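Right after this note come the structures.
What follows is subunit A paired twice: with subunit B in the first complex and subunit C in the second.
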Partner chain A sequence: MSDKRPFFVGYLPTPRELRLLLISVAVAAITAFVVAAWAVGTTQDNPGDGRLRFDLGRQTIVGVLETSPYPMVHVTHGTDVIATGETLMLAGAGKFGVEPHASRVDSPVVEVTGVLLNRGDIRMLQVPNPRRNLKAIDGEGPSVNSKNLGRWRLAGEICDGKCLAGAMRPGRGIAHKACAELCIEGGVPPVFVTTQPVADHEFMLIANGDGEPLNSELLEKVGVYISLEGELIQRGSLAVFLANHESIEVLP
Partner chain B sequence: MSVKYVPVQWGRFKVIYDVIAITMIMGFLWIFVNVTPGILNHDPAINPQIRNMRAFGSCAFFLLTAILMIGPLARLDDRFLPLLYNRRHLGVLTGFVALSHASFVVRWYFVFSPTDRYEALLGTNTAYDQILGFPFEAFGIFALLCLLVLATTSHDFWLKFLTPRIWKDLHYLIYPAYAAVIAHIGLGALQSTENPTFGVIVFLCASLVIILHLAAARKEHRTADAGVSSEEYASWRKLFRADTVKEGFARVARLSNGERIAVFRHGNRLSAIANACAHQNGPLGEGRIADCIVTCPWHGFQYDVTTGQSPAPFTEKIATYNLRLRDGYVEVDESPNPYGTVVTPLAIPTPSMS
Partner chain C sequence: MNLVILFVQVWGGIGAVVALVFLIFGISRIDEDARGALSFRPLLIPGILIIWPLVIWRWWQLTGTTTTSVTRSAPRESHAIVAVVLAVIVSATLFTTEAIRQEWPSHLAPIRLDQAQ
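Up next is the complex of A and B:
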């Protein structure tokens, strides 16, 4: 060490020989942070086109209510943007489902008012305050078409249907896992998003093999890329995957 | 260096340091939150809450990386020592940025639900038995708690209250905190992103921190003389030739118990003190000496090398060591004197005396 080297003491004036270096370090540090913000900020993945369609206004539809495995409505009288014959999943506000109110509705035909969420094929109606916006009406609904599409092993990801459809952007993946589990536990219908369309469906409502809501084994795998076996059935226009949790394989 | 506690001992250098640190943080957040969405042009855009969460989270990571680079940089080149002088303020700012990140996470992902937000944070994902889907939030919580403990105890009051050794050991939490942040990012954000840029940046930053620490440790190992035990008396250790210590400087030696001492030359006399400053274990052997007073290169604490005591009215004390000269070599009694013990300096022969 040379005795001519500048010696810095914080409470004394900074040695002249160090000033240029320190100014350079300060400029470099600020520049590095600006560049880092730009590099990380401009490489965020596109969250997709899902969104809550407040721009379309509140939609009021009439249809046949089904509550198992999760609430859905088979539309018999649609609107300009919700076609008659379509099957829509139902969710409440926030991380709430429309249960238990939906189970207490004493008529198969209901009038539902809510805001549409859609992302590609995934469509859901957010029904705030179900007691007021999910009402039984008189009448008998037509029977709902049901078709068994066979037994499948599918690869993909379990998501909560609401965040995936655009309530959150992005609304899938491991970073979103806890939020998705919370949504599903709150009654929001879960969906299985496959890597390839299956029987013309890009996604399907997913439930236990016995037709009940997701059990803890399936919930643990929310957000994780997996493959699993199950029965695929079509209820109205919606595909429902009744998955066997014992067949889960985590994929790399 | 103060005889009484004040919240912050502001000085011109600290003010400039803090202005630069806040400019770094504000610049980062402003670019991330306000500029990059326009460049991305996603329709619809990422939720503002998620964008803020990512901005504050990545900013905390870069701040932590910068903090961890300062130490080894200063060890490798003492011209970087000024960066270390006010590092604590950078740490406190990092704690606030990390807390903001956590606040955005909790107030977005864990609300609008029948479950209490903190209960939801801790209890929703409990898949601790799997790697993919592991509750990476746990690593983030651990890191945040560490940062908050460090920020809270950063003041000199806590240094005195806890004692420098415990305080220093406590502040090594910065390393597990950084490891936890890497795990938090690696098992969380990086598992959910297709663009590899952030992953590459995290890898480079972590690698840089590791490389700098290894280089600094290598240099430190090389520069501290190990010495050899004297055969005559077990407690004496032979160090180096007396004439190899430069006037106004010290040579650092490592004792058999791993402790380091600094042997200073002032005039034609040598004095030995503990190498660790009583303040934050700064390397006194890299300080400068004038009129028997050495100034610590980290925060400017001062000690009389013949007594191990800070000049009045300051009260800090460190250990002194006894020296002797044998065949031109300096030997040290490895048993330290009680803190603040006066030791007569060891006279060394000058060319005219020999």
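Up next is the complex of A and C:
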């Protein structure tokens, strides 16, 4: 005895008895996807306008190199888009920093070539192939201004500076935690984004209380909203937050 | 956290051994369609790493049988309930993560603890 129940096959004409069901399922599925996309999209934070500025071309600057707690350069000869006097954090290509090479540079004055990353006030230079693009040059750079801005308890989030500045969108939050930890472990300078500006700084380079790169206690809290205490130092135009990991409080 | 990582490592390690033995020796004994078909077998490794207890159980259940509509009927009959359970789990996961997500603490202002030196 043959089975006369209608059977749907995608490449054959739809049986008359199944057309209404097929249309209903199709409309319901499309509607569900649209609603889900809207619900997910509207509950996410704005990723901002940060990006790698390939459109500005490679930037070559001269400045005073500092490698502690993370590599940064205090610009003495800038470009049209990087002002003299600005302090720029340095990162390598991918999830790497430039510290291994930067620590071997035998002159305080360097010429650096790279691509600018820019999101609001956060600016960083991506230096691909540091051996070729981070070179010591002759000369003595001016001393870098350093100012103690006091001891603070700040609320916010530890992010990796490169993704936050535009290498990734979004470059922050719990969904980005694993990426941020890999970047920071690879030597990319981490930054602390505060809820409100502190001494006119909306973000700051963050390091251990002893001025060393982040320890495991701080690294575990990357991507999590926390409050913590530390000392705020201004190095050139960049604020550096020397955080005390024992004061970390995870926020609800 | 270390216990979780250790559990995943042990679970995955056993799964890797099960995958190796099952894909080399077992699969062709319980599924005649797999005999002589080799290139698809590596594609099963990720799944076996996760559900290796189910693989062992089905391997044991089907050993000595031949592939028929009877041996395939049990997994097929559970498709409907699995689809519903998965839909519930995915939806619940989505809503739970939204519900327990941290709120950006914009109300917390920076607090100066002392004066600059």
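Here is the rule we go by: the second predicted complex is superposed on the first by the 207 of 252 C-alpha atoms of A that agree within 3 Å, B and C clash if a C-alpha of one lies under 4 Å from a C-alpha of the other, contacts with A are read in each partner's own complex, and residues count from 1 in each chain.
Operating definition for what follows: contacts are C-beta pairs under 8 Å (C-beta built on N, C-alpha and C of every residue); 3 or more make two chains touch, one makes a residue touch a chain.
A quick note: this is a predicted structure, and the numbers were derived from the prediction, not measured.
> For A:Gly166, using the defined touch cut-off, is the partner it touches subunit B, subunit C, both, or neither? Pick first, second, both or neither.
First partner only.
> When the two structures are overlaid on chain A, which partner does A:Asp45 contact: first (subunit B), second (subunit C), both, or neither?
Both partners, subunit B and subunit C.
> Applying the touch criterion given at the start, work out whether A:Leu154 contacts subunit B, subunit C, both or neither, answering first, second, both or neither.
In the superposition, A:Leu154 contacts subunit C only.
> Classify the contacts of A:Ile174 with the two partner chains as first (subunit B alone), second (subunit C alone), both, or neither.
both
> Which of the two partners, first being subunit B and second being subunit C, lies in contact with A:Leu20: first, second, both, or neither?
Neither partner.
> Between subunit B (first) and subunit C (second), which does A:Lys95 come into contact with in this model arrangement: first, second, both, or neither?
After superposition on chain A, A:Lys95 lies in contact with subunit B alone.
> Does the superposition put A:Glu229 against subunit B (first), subunit C (second), both, or neither?
Second partner only.
> Check the contacts made with subunit A and report whether subunit B or subunit C touches more of its residues.
Partner touching more subunit A residues in the overlay: B.
> In the superposed arrangement, what residues of subunit A touch both subunit B and subunit C?
In subunit A, positions 40, 43, 45, 174, 224-225 sit in both the subunit B and subunit C interfaces.
> Looking at the complex, which residues from subunit B come into contact with subunit A?
1, 11-14, 20, 23-25, 27-32, 35-37, 39-40, 42-47, 50-51, 54-55, 58-59, 62, 66, 78-83, 85-86, 109-115, 120-121, 124-125, 127, 130, 132-133, 135-137, 187-189, 191-195, 197-198, 201, 246-249, 286-288, 295, 297, 299-300
> Which subunit C residues qualify as touching subunit A in the complex?
Of all residues in subunit C, those touching subunit A are 94, 98, 101-117.
> Touching subunit C in the complex: which residues of subunit A?
Residues 40, 43, 45, 147-156, 174, 194-196, 198, 224-225, 227, 229, 251-252.
> Provide the residue numbers of subunit A that touch subunit B in the complex, in ascending order.
1, 3, 5-14, 18, 21-22, 25-26, 29-30, 32-34, 36-47, 49-51, 93-96, 166, 168-170, 172-179, 181-183, 185-186, 220-225, 250
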